[in-house]
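Each in structure tokens, the structures are laid out below.
Note that subunit A is present in both complexes that follow, paired respectively with subunit B and with subunit C.
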Partner chain A sequence: MSALTDDTLPITPRAMRDEMVAFALMAVLLAVVPLTGIYPFFVMQALCFALLACAFNLLVGYGGLLSFGHAMFLGTAGYVSAHALKVWALPPELGIIIGTAAACGLAVITGYISIRRQGIYFSMITLALSQLLYFIYLQAPFTHGEDGIQGVPQGHLFGVFDLSKPTVLYYVVLAGFLAGFLLIYRTINSPFGEVLKSIRENEPRAISLGYKTDQYKLLAFILSGTLAGFAGSLKVFVAQNASLTDVHWSMSGEIVLMTLVGGLGTIFGPVVGAFIIIAMQQYLAGYGQWVTVIQGVIFVACVLTFRRGIIGEIARLLRRSL
Partner chain B sequence: MQALYAQLLVGLINGSFYALLSLGLAVIFGMLNIINFAHGALYMMGAFCAYFLLNIAGINYWWALLIAPIVVGIFGMILERTMLQWLSGLDHVYGLLLTFGIALIIQGVFQNYFGSSGLPYQIPDALRGGMNLGFMFLPIYRGWVVVFSLVICLATWFLIEKTQLGAYLRAATENPTLVRAFGINVPRMITLTYGLGVGLAALAGVLSAPINQVRPLMGADLIIVVFAVVVIGGMGSIMGSIITGFALGVIEGLTKYFYPEASNTVVFVLMVLVLLVKPTGLTGRAA
Partner chain C sequence: MLHRHIPPPGAAVRDGFPGSRKTSRIRKKLGHARDRGEADGGNCLADEFILETHGLTKEFAGFFAVRDVALKVRRGSIHALIGPNGAGKTTCFNLLTKFLKPSAGRITYKGQDITAMPPADVARLGLVRSFQISAVFPHLTALENVRVALQRQHGNSFDFWRSKSVLDRYNARALELLDDVGLSEFANTPAVEMPYGRKRALEIATTIALDPEMMLLDEPMAGMGHEDIDKIAALIKRISAKYTILMVEHNLSVVANLSDIITVLTRGQVLAEGHYADLSKDERVKEAYLGAGHA
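What follows is the complex of A and B.
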């Protein structure tokens, strides 16, 4: 059986340099967006999904665990943050912390349950768990069911930055995205990340070398879920609402699609994939359900012909690590 | 007590669908090593097929029970030949992703033409009305669904566990290379197996059409419940899938009576409990 990402290059000084250059390029490009007149709401939304896809990719691309329920972290953090901001009137920084902490707690519980099975069963279990949460949120009073939590106030971050100004909000979201991205990058290249990759390649061997693989997988799951929750909390400030859409299975599917299009197990792939999928939804919004059909076609095309994804293919052509 | 029996019957009916669908998933997984995410969409196609047969061609329910599984089964075999077969040797996850994409395409196309609301499908004349059993009133159609599903499930079990063809199938599941060396056309068997699994899903769709209405998304949420059923029961045994399917349907029905708020979630909660107590599932082997 061939692994999900079988041609990751070893870390060399050259690879590190390439990745640093690419990161600097990405940061500069994103930093000048407000000066170009591109609709900032679109980019902010894409950045939240990019962070979400990167968090998902940490688990699937490096840990080999395909979660089909990552929307549950997005939605949980979103609901808790929105509730904290609107009902408890907490300041934005506390709202983000509480939302992310809720996703972290959820990741501890769901991770403990789902890593008991591997491969395809893991995917089915995470999907079922997120559907369980969907029904809970559908019935829980604080989520307001089908209406969701709407009109969430944005407030002043640290009492200084007025988040209702689009430019200020943009740079706050960008800072959050870059911080999360660097944390994931650091994790991948840490000793922990190396053990994770070895588990993906050959779990029995990792066990025989003395690693407690379940603990590594659980930690990766928690980290991934927490960061996905962080993205969900940031998204509340952009969209100013939290709704059932964010917990639905179709959202989990979109997260998978973004990462697959960009490239599973590549560092920058999920970011590129998120921008492509969000842009596609934006431009094709008038075509109703055909968007779903197109997403399905992209899934099929990616799996049959394009398994490395866009960044994966570019990296292979250039023989570089991206 | 009337309400309790009524919910038990609803539970048995849902259990029939869980059993037929998880049975198909297990048969397909055994041969193709693919979890067929498109199973829910193909179940929906079975129901639509019956609807078209009745409303366009004027072909009745009884013929639909035969024709719809064949038509959808052939459609499934085309999918297998054109797409799924290229995945052999790759990580199992790719099969899940590909069939998820296929499900999105099928459901999206049907949603475009039929929206999200339900289309009614008449109960056939012979199965209308009900019987008074003394302790409860039994709508004949509902009783028919349970009995017929059970017969089909047991027939599938017999086909796979007790016949020559089933023996080839089980052998090919264990070691396809060796079975090919004996001169058996394994790729054709894989295609037929996928067609069989898909046909079972379509049959469940026809059975459910008069009860649940015909909707483009009727299989989308159902398939996730069936995944939980499969995790609970494991995919190692055919009889295991059948029993788990019916049992979970009954438990869900009982929950609807005693604590209706939890009826949507009870199967998932049971999945969590089973994973905590016996991670390999009730009948399955470790995957």
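What follows is the complex of A and C.
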């Protein structure tokens, strides 16, 4: 894993204030979106993916663990939430909680298995587990196979907020995103985060200081998987469906792509990366299959020319941590 | 590759150490120390030796990297492990710190059998190792490096919901530790930007932060210039007043100056043990270092 994380920024004078200003700016910008006439569906979708990429970044950027199966948390939470909302007719808040809890449970099991291996082996195990789940979801009756769960009712959040109104839904998704983002930010800057970073930097040394590193990596994996699941549950309200696309391995690849383009191990990088990739899919949709080719070219260009990602490079230029 | 010859006793003595009070005391106790490697440990008091191994063996697919090593490290001493390249020093070291599992034999630390214990638990008992390649956390500042060690003993390392500002209460102690190894000016410098010798000092400060009873240093002088060697040697000598130290080291003049007792390994086995002055006259040791033709 070190090859990917070696180049993360030296975090010189910790400029928490910079990060707070950037966060406030981001929150304000996102809050005024409905007034600008930008297609809210696109922004909501991007917000869900941004949270997903941030959760992924917590694991790879700060824990040094490259999961290649993060789509399984997105998809599992999506299926469970959609099923709870549609079949069990539960209210939205319960649907989100159940979906997120399912992802959390999945993260406990898959984390326990995969955390025992390092580097490429860890990635391969997460990929294998997510493929296993993909085929289960393909066959399981409740997912409706290729069709997916369609027409999921959005309902009223806490019985008050009508989620079928785009503006209401937008602010609910935004609030969910910001809450998840802040939790990740806090985790990175917590006593736990310090240990996690030290494990990323030099695991044998962390062990020799008496840290049982497996336990820390497992907690990071569970937090990351749970938050990825939360993003998946939110996404159900936006897309009103849950389908196999969300558990497919190519989705896991897209998450890696978003994080790398934005900046691995930066706080805001994954958000920027997610918006860029989703915008490309949205606005280049006319080119059909070529979108994938364009994405590939961007990925190659990104790795060859700005390895730290967009935010990573900006932060380096400004000598700030973002 | 480094100091291949054994300098005569008294040569290249930087700190004038071999004649010190502590050394002569230990020498008296040991008597004909070179034969003790094979002696069994039944007659020794458990608290006289902080770390002991019995029949320690590591086999890699038929090759014995370490074979039947009986090592006794006296509490409060600086014990050096030397030997030509490939003698099994680092393997032996990794066995002691539990980074490798022994194929056979026992390791006892403070009378407790630690043979099957995971490395993090051994560290928690106060047996802390360093690494051949300087082991710092490169993108954390010097202060944060030390703080990570301080943080472990006081719990709350799993608190992901708390701000790391709760760690500020360790800052004073961390600065004290940095000051102690002459690094106060580097407190806010990321470790990656520090000079090599300073990184090693930082590593020692981080180890001391754990308040260990025994430190295992893996080639503390590897890759250092003379000036840094003197600084780190002085530092090791100073901290040895409080801790037992076992070190693997190539630089024989450093070993001569610092160690109270030396164990020579060749081909995975203990060849001789004793004080530097005796060992440098030992024909078997000369032969092991220079090859039979030169002896």
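Keep this in mind: the second predicted complex is superposed on the first by the 309 of 322 C-alpha atoms of A that agree within 3 Å, B and C clash if a C-alpha of one lies under 4 Å from a C-alpha of the other, contacts with A are read in each partner's own complex, and residues count from 1 in each chain.
What we mean here is this: contacts are C-beta pairs under 8 Å (C-beta built on N, C-alpha and C of every residue); 3 or more make two chains touch, one makes a residue touch a chain.
On a predicted model such as this, the values are computed, not experimentally measured, just so you know.
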{"item": "Combined model on subunit A where subunit B meets subunit C, clash or fit", "value": "fit"}
{"item": "Partner chain(s) touched by A:L209 [first = subunit B, second = subunit C, both, neither]", "value": "second"}
{"item": "Most subunit A residues touched (candidates subunit B, subunit C)", "value": "B"}
{"item": "Subunit B versus subunit C as contact partner of A:S190, first or second or both or neither", "value": "second"}
{"item": "Touching partner for A:G119 - first (subunit B), second (subunit C), both, neither", "value": "first"}
{"item": "First (subunit B), second (subunit C), both or neither touched by A:Q281", "value": "neither"}
{"item": "Touching partner for A:T245 - first (subunit B), second (subunit C), both, neither", "value": "neither"}
{"item": "Where subunit B and subunit C come nearest after superposition, their Cα distance in Å", "value": "12"}
{"item": "On subunit A, the residue positions that both subunit B and subunit C contact, one per complex", "value": "none"}
{"item": "Subunit B residues within the subunit A interface of the complex", "value": "35, 83, 86-87, 89-98, 100-109, 111-112, 220-221, 224-225, 227-228, 230-231, 261, 264-265, 268-269, 271-272, 275-276, 279-280, 287"}
{"item": "Residues of subunit C that touch subunit A when the two form their complex", "value": "97, 99, 118-121, 123-124, 128-131, 135-140, 144, 147-149, 151-152, 156-164, 166-167, 188, 190, 192-193, 206, 210"}
{"item": "Subunit C partner contacts - residues on subunit A that touch it in the complex", "value": "8-13, 183, 186-187, 189-195, 197-198, 201-202, 204-213, 215-216, 219, 223"}
{"item": "Subunit A residues touching subunit B - in the complex, by the definition given at the top", "value": "1-4, 66, 68, 113-114, 116-121, 123-125, 127-129, 131-132, 135-136, 138-139, 249, 253, 256, 260, 288-293, 295-300, 302-304, 307"}
